[in-house]
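Letters A, B, C and D name the chains as they come in the text, with residue numbers starting at 1 for each one.
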Amino acid sequence: MIWLKTLPIVHAQRLNAQYTVLTVEDKDLAAASHPGMFCELRAPNQEGRQFKPISIYGVEGTRLSFFIKSVGFGTDALCALQDGDTLEMMGPLGNKFPVFAGKKALLVSGGVGYPPLAWLKANLPDGTTVIHLHGGASSEDIFDCDISCTMDGSEGHQGLVTDLVLPLIQEHGINLIYSCGPVGMLKKLTELSGDIPHFVSMEAYMACGVGVCHGCVIPVGDGFQRVCKEGAVFDAKLIDWRQL
Amino acid sequence: MMKTKLGRLALDSPITVASGTFGMEYFEIMDVFDAPILPQDKLGAYICKTITPLPKAGNPPPRIYETECGMLNSIGLPNPGLQCFLDEELPILLEKLSIPLIVSFSGGSVDEFCMMLETLEKAEGIAGYEINVSCPNVENEGIAFGADSDVLYQLVSRLAPLTNKELIVKLSPNVTDIGRMAKAAEAGGASSISLINTLWGMAIDWQTGKARIPRKVCGYSGKGVKPVALALTYQAAQAVSLPILAMGGISCWQDALEFIYAGASAVAVGTSNFTDPGAPARIYDGLLEHLKAKGSGIKDLIGTVS
Amino acid sequence: MMKTKLGRLALDSPITVASGTFGMEYFEIMDVFDAPILPQDKLGAYICKTITPLPKAGNPPPRIYETECGMLNSIGLPNPGLQCFLDEELPILLEKLSIPLIVSFSGGSVDEFCMMLETLEKAEGIAGYEINVSCPNVENEGIAFGADSDVLYQLVSRLAPLTNKELIVKLSPNVTDIGRMAKAAEAGGASSISLINTLWGMAIDWQTGKARIPRKVCGYSGKGVKPVALALTYQAAQAVSLPILAMGGISCWQDALEFIYAGASAVAVGTSNFTDPGAPARIYDGLLEHLKAKGSGIKDLIGTVS
Amino acid sequence: MIWLKTLPIVHAQRLNAQYTVLTVEDKDLAAASHPGMFCELRAPNQEGRQFKPISIYGVEGTRLSFFIKSVGFGTDALCALQDGDTLEMMGPLGNKFPVFAGKKALLVSGGVGYPPLAWLKANLPDGTTVIHLHGGASSEDIFDCDISCTMDGSEGHQGLVTDLVLPLIQEHGINLIYSCGPVGMLKKLTELSGDIPHFVSMEAYMACGVGVCHGCVIPVGDGFQRVCKEGAVFDAKLIDWRQL
């Protein structure tokens, strides 16, 4: 089921100047959501403009939350919402992260790649060993994780997350990778991951969000696939990274 | 009240959906969607995404960009090709649809267009065709045939004798004289015209100097094109007596009504489907209520702008 | 950093004002206005309202209508005519201006255009001309010359030998192939082109079925036309090596920068003057700051979209 | 002087569902304003859209007020403003009502023609006899005046203001008329006013508001004049009413 709903915001938590977490309450949506899925969101004052795809950051009981970085008019309007304001939403959309028992998993996120992996981490099967490696431009972009990197060195290791991946794989015997973040990071990570299974949640500009417009494609195999429909989670090995 | 005619087709509603903006993927989700996204009791016809002789993968991403007043697209007509359409998509469409099916198609030469039409004619259940000679996002198909009135006339006059079904020619707005293009379609034997396809459009990332869409120039649609679409609908209506299926930025029933006054016998909702999947149904409801209050039918208003 | 060239003219700023949207009445109020409305230290040139051989009263009201994404106008080139311009307006313009004056003019025949240019050439103080062959709101002047490349070539090739000053040809966006029109202007001897004039546009009052503007089809400008203007600027820049003065929906410095990347050597602010009389100054300031931070000049960026 | 200012609203008074009076405080504007003049106003959330011409409804000390009817997106946004919100404005613009000593004046307004005449009334030279006749669709459109008319009869006389004009002229020896309202009313009034001097404040769609775009013209004499520059107040006899 895909719902088109207008829900009151039960909590709008501003994490810092750039990031806000919006929480809504809805039984149906909460029950149908899984890590990797996203919703199309819109602030009420953006009527007539397109919805914006935002990963589901978590479900607790009947509550659903979204972790949003303000980067343009759509996300600015979302981040400006306050408790009690309404949120227009369509979802849940897309596929889920596949999960496997008894794995040693490395989760790698960059910037707004954080939310889907943070939720996935909390939902991996018992017995999974997990390391969540997260990076961003500065300490403002860092949230709860196991290892962090910043470009400016203001928190965690200075440099790119991908600098740390190989040593981590070796040290911990990683045999499963999940990732979400900027294309450059994902591309590099795919090189580094070698034979290890690697699932990546991709971003793309979207119009319909439900598979009808073919606007959100990425090159997969010898054709294109839709991020909103076949994705957002893809097997990283099938993506033709050279075209991205 | 809402009944209208588009050439050889009698439609129960003047509201349709624009090719390519309401893909048949909606059928997969219509039962799982809690909004009325394919309200067949409110739509006059269903127009499918443009198909071409052979499968097309479409253009490399990014394919879309939202501008302040609409959107740019360079989808590039991805489609499974004629054969797969007939084998796989058409049966599903016919099973799901209770309203007339209009098949949009395009080709790279007059012969290809003719071959498409002849092949489609053999299939059951198609009510009409929309000849897409106006897609700005492909090299070979499309706009080359819609940019020159002589070329358009040649094409349409070859196609018209091949069918007794509704034959709509979809015109490009990127021309000097829309009236002349409409006349060429009429002279060639089209039974109606539709317009507008997308306008030329472009956007550039000012931070990097990179075009937002790799092909640079692509198609512009949505709210920002409405005044242009309305002007061209009016100009076309003045030039020919063919019925017009009009589109371009329609997002509410008042917009639809403006196009009807300008000369449209029916309208299509395109880009608004993305910002409001319930738009076609809402437009139908609003228009019906207005007509009831006014006590007139669609047919009384077509082309009556003063 | 902000220096640029428009054909034979060296401009200190790439920002200018679009003909007809920044009438010389601003001179009367510039001293009594508390916003910087004619910041000559920030403008590269001043382009006056189009003048015609004889006085014109313009079109009957209503002449304007604001749409969701821009505005419609059917002003119809009201102007005092060539003689009164020379006798009364030009002296005031020359007294007030410290930046190059570009005179926009139009006529009803090739001979009229030539007569205008010959007469204007005798006056002192004019830096260049913008030939308006693209106004959609008049019957005789204008767009007839801008809709056919052969006609345009004939006109420009008669005008070019008559002057050594900057000769800008202002193109209409309402054409099938802007590249072809640009080439005709280049072949005829223009030293630069400007675009876009207004797109065809229309709006109808859905409550009454009356066109918002009595002439029905009129000119559309503002935010909603920006993607089209940018596409046409790019297409024209690909077709010719003439410098381009670009306009169409520019409201902020980022918009201006997009046009420069697309191929414009200078830009003009039109409709935005109405929603923000301080727009040209703000655009100048923003662009300058951006270029400083980037360490590049306008000239490094022109046409470099990738 | 013409000012372009962004001022806080010191009082937003909602008269009924349709009408709101906005008051701002500004020494310069208050001093330069006279009955008949208008300002171009815009609500802050309408940036990028055009200003709307609104008559000055009154000046008290350094306070300036506007009387606005909500009829479309621009005026809706203005009427939704509240105390403390800001108002963008440009003005004062246009000419003033000419005034003459010792006259018997009839003021006739319809709908949103009310505000300029209400202020004029309070500013006529001492010794002027004044009757303010005001009409509207229903009692919601009626405000303080001497004689009122409504179309639906819900307040004052039932019918058009113009029905009452001739008897009033005769009874009171009216020798000066001021008017503002819908074109139909003004046209009729011009016929009725005969030789009596009649000054009318006209409405028109405006873009620039300051005389540069020639968008706001009305037919006057054998050409056109700009409502924002030569007007908004015109000698009713010079207007070519047939073209309107």
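The working rule: a contact is a pair of C-beta atoms (placed from the backbone, for glycine too) under 8 Å apart; a residue touches a chain by one contact, two chains touch by 3 or more.
Model, not experiment: these values are computed from the prediction.
Q: List the centre-to-centre spacing of subunit C and subunit D in whole Å, with centres computed as mean CA coordinates.
A: Averaging C-alpha atoms per chain gives centres 35 Å apart.
Q: Between subunit A and subunit C, what's the gap in Å when you average each chain's C-alpha atoms?
A: Each chain's C-alpha centroid was found; their separation is 47 Å.
Q: Taking each chain's centre as the mean position of its Cα atoms, how many Å separate subunit A from subunit D?
A: Chain centroid spacing, subunit A to subunit D, equals 56 Å.
Q: If you look at subunit B, which of its residues touch at least two other chains?
A: 223
Q: So what shape is it, when you link every pair of chains that touch: line, ring, star, complete or other?
A: line
Q: Among all the chains shown, which pairs meet the touch rule set out at the top?
A: A-B, B-C, C-D
Q: Note which residues of subunit B are touching subunit C in the complex, please.
A: 67-70, 72, 147-148, 174-177, 199-204, 206, 209-211, 216-218, 220, 223-228, 230-232, 234-235, 254, 257-258, 261-262, 301, 304-306
Q: Quick check on the complex: what are the subunit B residues that touch subunit A?
A: Counting only subunit B, the residues touching subunit A are 20-26, 28-29, 32-35, 57-58, 60-66, 71, 73, 75, 78, 223, 251, 271, 273-275, 277-278.
Q: Under the definition above, what is the set of subunit D residues touching subunit C in their complex?
A: Where subunit D meets subunit C, its residues are 1-5, 47-51, 90, 204-219, 223-224, 229, 243-244.
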